[in-house]
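Both of the next two complexes hold chain A, though its partner changes from chain B to chain C.
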Partner chain A sequence: MKGYAGKYLIIDLTRGKTSMGRVDESFALNYIGGYGFGARMLYDMMPKPAEVDPFSPENVLIWWTGPLAGTISSAGNKYAVFAKSPLTGIFGFGISSGLFASEFKSAGWDGVVFTGRSEKPVYLTIDDENIELRSASSIWGRTTWETEEMIKEELGDESFTVASIGPAGERMVRLANITNERNRQVGRCGLGAVMGSKNLKAVAARGTKDVEVFDIEGLVKFIAELNERCQGPATEKYRVYGTPANILVHDKLGCLPSYNFQRGTFEYAEEVSGEMMLKTHVKKIVACAGCPIACDHVNQAREAYAGTVSSVDYESLELLGPNCGIRSLDTITKAVEICDTLGVDTISAGNVVGWAMECFERGILTKDDTDGVELRFGNDEALLEALRRMCLKEGRLGMLLSEGVRRASQIVGKGSERFAVHCKGLEWAAYELRSLQTSTLGFAVSNRGADYLRSGSYQVDVKGQVDRLRLDKSRGKIVYDGENQYAVIDSLIICKFTRGVFKSMGELAKLYTLVTGLSMTGEQILKAGERIHNVARCFNVKCGVTRKDDYPPPRAFEDPLPDDIVKGAVIRREEYEEALDGYYECRGWSRNGVPLKRKLLELGLSKEAEEVGVEA
Partner chain B sequence: MESRLRKIIVCDPDKCNGCRICEYICSFVSEGVLNIKKSRIRVVRIEPFLNLAVACRKCEDPPCVKACPRDALTQKPSGIIVVEENKCNGCGWCVETCPFGVIRLHLDKRKIIVCDYCEKHGYPRCVEYCPKEALKYVTLDQAARELSKKAVQTLMQELAVK
Partner chain C sequence: MNEVELELVGRFRELFKRKSMRISIEPGTSLLKIVTELGRAIGVDLRSEFIGPDGKPMEESSLIIVNGRVIDLTRMGEQFIKPGDRIVLAPSVAGGG
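And then the complex of A and B:
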């Protein structure tokens, strides 16, 4: 079996001991890599997840690459991190890219599992076979960008790639992320805070080994073709304007969340559009290793924030911009820099600040609660100050926001829970609730919580393939298909921006076989995707997730959209129930959202069938 | 071959985004493996904005050749540097003299490696695989002409705007 390194590291942080595990063929075939490996392993290593405090040494922190990392596969250098999430209390998972995964695989490892908690701050170096936990006491407290430089300096070799947490992760801010190569993040679910709780500051990897593949000639030929397709129309949006191209598209459709999801358009959309950004702020477009697309638009701010540099994508721009009523690209560039260096997820950060701004404007939060910050929509300085305090847990405001929107709204109460826009505790990303209803269903049933990356179900809405202002039973199938496909993509792991260049699941299977030598068909790999999704759901069921958790926030049902183009749009409860039923039926789950024994057995998940599955 | 006719690999810093596809493909072409650390062309990334791929420049009177105490390096009329592996003992003197840092020791063999412009293939493969056409295989004269053209275009656009 090629592609895989065939082994992974196990690091007991409590004892400082290192051991090794093997990746065998049946594990590979059934779970592919990335998402699949993480789901399987988290389920197995945490038999009673409901009893595990995410910040306790009992939480397990798992890193996996996939079979494609380190090969020349188009946009295939990605790694994923897993743990029980401190933000949602369920299956926590995030993916990042860059060069890190290539170095990691080239060092001869597929993944690393951390257990326990180090007594003192440490970082892990993976240098081929040489594995070492080193003291991080001199870098503790440093930003992610400083940490990368300091570790390379200390190790005396710039070719180490570093994934680290910032001060937010160290302080266990529940929105904390993991950053590698400055601009790439394992953003969601607060996994940086789990690293912080384990006193693990960073992982530095350097590899010198060849990454062996099964059919190198065939692979290079196929990749040449895929890379060529990647210069075509399917990826044009990403190449030219980057993901911020969505700003004007979504504004026209009334699905651009603004003012904490109170509206679906933004009166200053032009000023923060991808088109404007390219003209006035983008200084350089960069690519992750092995990526023929290159979507990463690095901005340079001007005026008050001259000298500030950050990589700005759609989600960051939208939630820190329109969702907080902010119309300045300079401010947004600065806001992203604060989040990236101090180490929090821009999506969750923009969402929770937007919520706090609405609280402030409604008089639910006062200047007393914000330690003097005039936290109004459109107040640039207030946004930046709130972000800083959140990352550092400074003062009452910082402490409150650092909890994430679900907990913060429970602490504040006074009806603020009603407009806390999240699902299962994960802050909603930049897709409007009521004017993209298939999308909303996909977000609400996702294994991570409100998640745009697990099914891509917004696409049928945005492309006009369904009535996006209504729901019906058929939407369940759309979400189901999307989730299974995306589970494959996230397990291989390959960038979703290539999804339009693959003609079929068969082509993904072909790529898998060229790399690994294991025979695989489109049908089989899709089945693996379904299996993987079900394992993660079973983990969540053990955490207490059922139908009651698969709903969008109250705003989706109760506050009709005011914007002209989608005026009055709201989700009708009975339609939502019907769509949810449709989804569970496709999934082979009970009406309560629990996988049926029969389904689990069909997928070869006998342990899950025993422990979680229910009879029809 | 007259040196003015020598073609070299040049890289446009505006187009190079640091994707390293040239490095992956070079390791495949040169050694039949996938390992960017065995690439003869090297991607340099200087945060936050600079990306550039650099390969052997086919210098006139190359310092690497002069530096080798064992005469393991020679330059062909085409400008390509040839390494006689049995003479090279990996001392790395040449590595230190190359002003571009593009002559290096092989990771495993500890012998010198340098871009051979895919001589057998007749054309550098990295140029062929660069997805953004940042890499070009041209004479320095041609590279200069293209730079002039670009400068004039930019100037004219700016004048038109004014």
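And then the complex of A and C:
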């Protein structure tokens, strides 16, 4: 079996001991890598997840690469991190890119599993076969960017790549992320806070080995073809404008969330558009290892924040911009820098601050609650101050926001839960609820909470393939198909920006076989995707997730959109129920959202069938 | 006045070198005709931004939005535009790395 290193590390942080596990062929074929390996292992290592406090030593923290990492495969150098999420209390999962996965895999490892909790702050170094837990006392308290520099200096080797947490992760802010190479993050689900709870500051990796592939000639030929396609129209938008190109398109469609999802357009959209950003703020466009696309647009702020540099993608730009009523690209660039260096997810951060701004304007939060911050929409300084305090858990406002929008709204009460835009505790990303209704179904049923990355279901809405202002039973199938495909993509792990480059699942299977030598068809790899999705759902069912958790927030049903082009758009509850039924039917789950025994057995999941599955 | 508002986003701004423009149409003109003539005016095959050689939309085809509604690109010939309509030419939506 090629492509895989065939082994992974197990680090017992409590005892400071290291051991090794094996990746065998059956595991590889059934679960592919990345998402699949993480779901399988989290399920197996945490038999009673409902009883595990995410911040306790009993939580496990799992890192996996995929079979493509370290090879010449286009846009395949990614890694994924898993744990029970402290933000959602269910399956926690995030993916990052850059150079880290390539170095990690080249060191001869597919993944690493952390158990227990270190008594004192440590970081892990992986230098081929040399594995070491080193003291992190001198870097504890440092930003992610400082940490990266200090570790490289301490190790005396610039070729180490570093994935670390900032002060937010150390303080167990529930929105904390993990950052590698300054601008790349395992963003969602608060997995940086799990690292913090384990006193694990960073992982530094360096590899000098080649990752062997099965058919190098065939792979070179196929990759050359894919790379050529990557220079075509399917990826042009990413290469030129990056994802911020979405701002104006979404504004024209009435699906650009603004003022905490109260509206679907933003009157200053031009000022924060990708077109404007490219003209005035973008200083550099960066690619991940082996990527022929290069989508990462790095901004440099001007005037009051001159010298500030940060990588600004659509989600960060939107949630910290229009969703907070902010119209200054300088402010947004600064806001992203605060989040990246102190270590929180920009999506969740922009969402929770937007919620707090709405609460402040409605009089639910007062200056007493915000420690004097005039937390109104469009107040640039208030946004930056709120973010800083949130990351550092400073004062009443910082403590409140650090909990994430679900918990914060439960703490405040007074009806503020109605304005909290999340699902299963994960803050909604930058896609409007009522004007992209297939997308909303996809977000709401996702395994990690409100998630724009697990089904791509917004695509049928924005392409006009369905009536995006209504729902019906057929949308369930669209979400089901998308989830299974994305589970494959996230297990290989390959960048979703190449999804228009591959012509079929058969081509993804072909890539897998060229790399690994393991025979795989398009149908088989899609079945693996379905299997993986079900394992993650079974973990969530054990955490208490059922149908009641697969709904969008109240705003989707109760507050019609006021914007002219989508005026009155709202989700009709009966249509949503029908679409949800349609989704469960496709999945082979009960009407309560629990996988049926027969479906689990069909997927080869006998353990899950016994522990979780229900009869029809 | 038989005019419609044309808004341009992303690469369409580069092609037309402007953000928006007003164009005169005969009542009942099809969207396909408008797109074809706009392309002719700037010397590009604008239709190919939306429709592949096989007559179907491509995986990442650009979008045409009329009065907030995304148009089925296979039926541009049957989509008739009336004065006062607002047409947007935009790249497809990108998301999720």
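Rule of thumb we're sticking to: the second predicted complex is superposed on the first by the 616 of 616 C-alpha atoms of A that agree within 3 Å, B and C clash if a C-alpha of one lies under 4 Å from a C-alpha of the other, contacts with A are read in each partner's own complex, and residues count from 1 in each chain.
Going forward, contacts are C-beta pairs under 8 Å (C-beta built on N, C-alpha and C of every residue); 3 or more make two chains touch, one makes a residue touch a chain.
The structure displayed is predicted, hence computed values, not measured ones.
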item: Fit or clash - chain C, chain B, common chain A; value: fit
item: Which superposed partner A:213 touches (first chain B, second chain C, both, neither); value: first
item: First, second, both or neither for A:240, with chain B first and chain C second; value: second
item: Geometry of the superposed three-chain model: angle at chain A (Cα centres of chain B and chain C, steps of 10 degrees); value: 80
item: First, second, both or neither for A:287, with chain B first and chain C second; value: first
item: Chain B versus chain C as contact partner of A:463, first or second or both or neither; value: second
item: Touching partner for A:476 - first (chain B), second (chain C), both, neither; value: neither
item: First, second, both or neither for A:227, with chain B first and chain C second; value: first
item: First, second, both or neither for A:72, with chain B first and chain C second; value: first
item: Lowest C-alpha to C-alpha distance for chain C against chain B (Å); value: 13
item: Chain C to chain A touching residues, read off their complex; value: 7, 9-11, 13, 19, 57-61, 63, 65, 67-73, 88, 90-97
item: Chain B-facing residues of chain A, complex; value: 70-72, 99, 102, 106, 159, 182, 207-213, 216, 220, 224, 227, 230-231, 283-292, 294, 296, 298, 300, 309
item: Residues of chain A defined as touching chain C within the complex; value: 97, 233-238, 240-241, 243, 245-246, 248-250, 252-254, 270, 274-275, 295, 313-315, 431, 452-453, 456, 458-459, 462-465, 468, 495-497, 500, 564-566
item: Interfacial residue positions of chain B with respect to chain A in the complex; value: 17-21, 24-25, 27-28, 32-38, 47-49, 51, 107, 129, 131-132
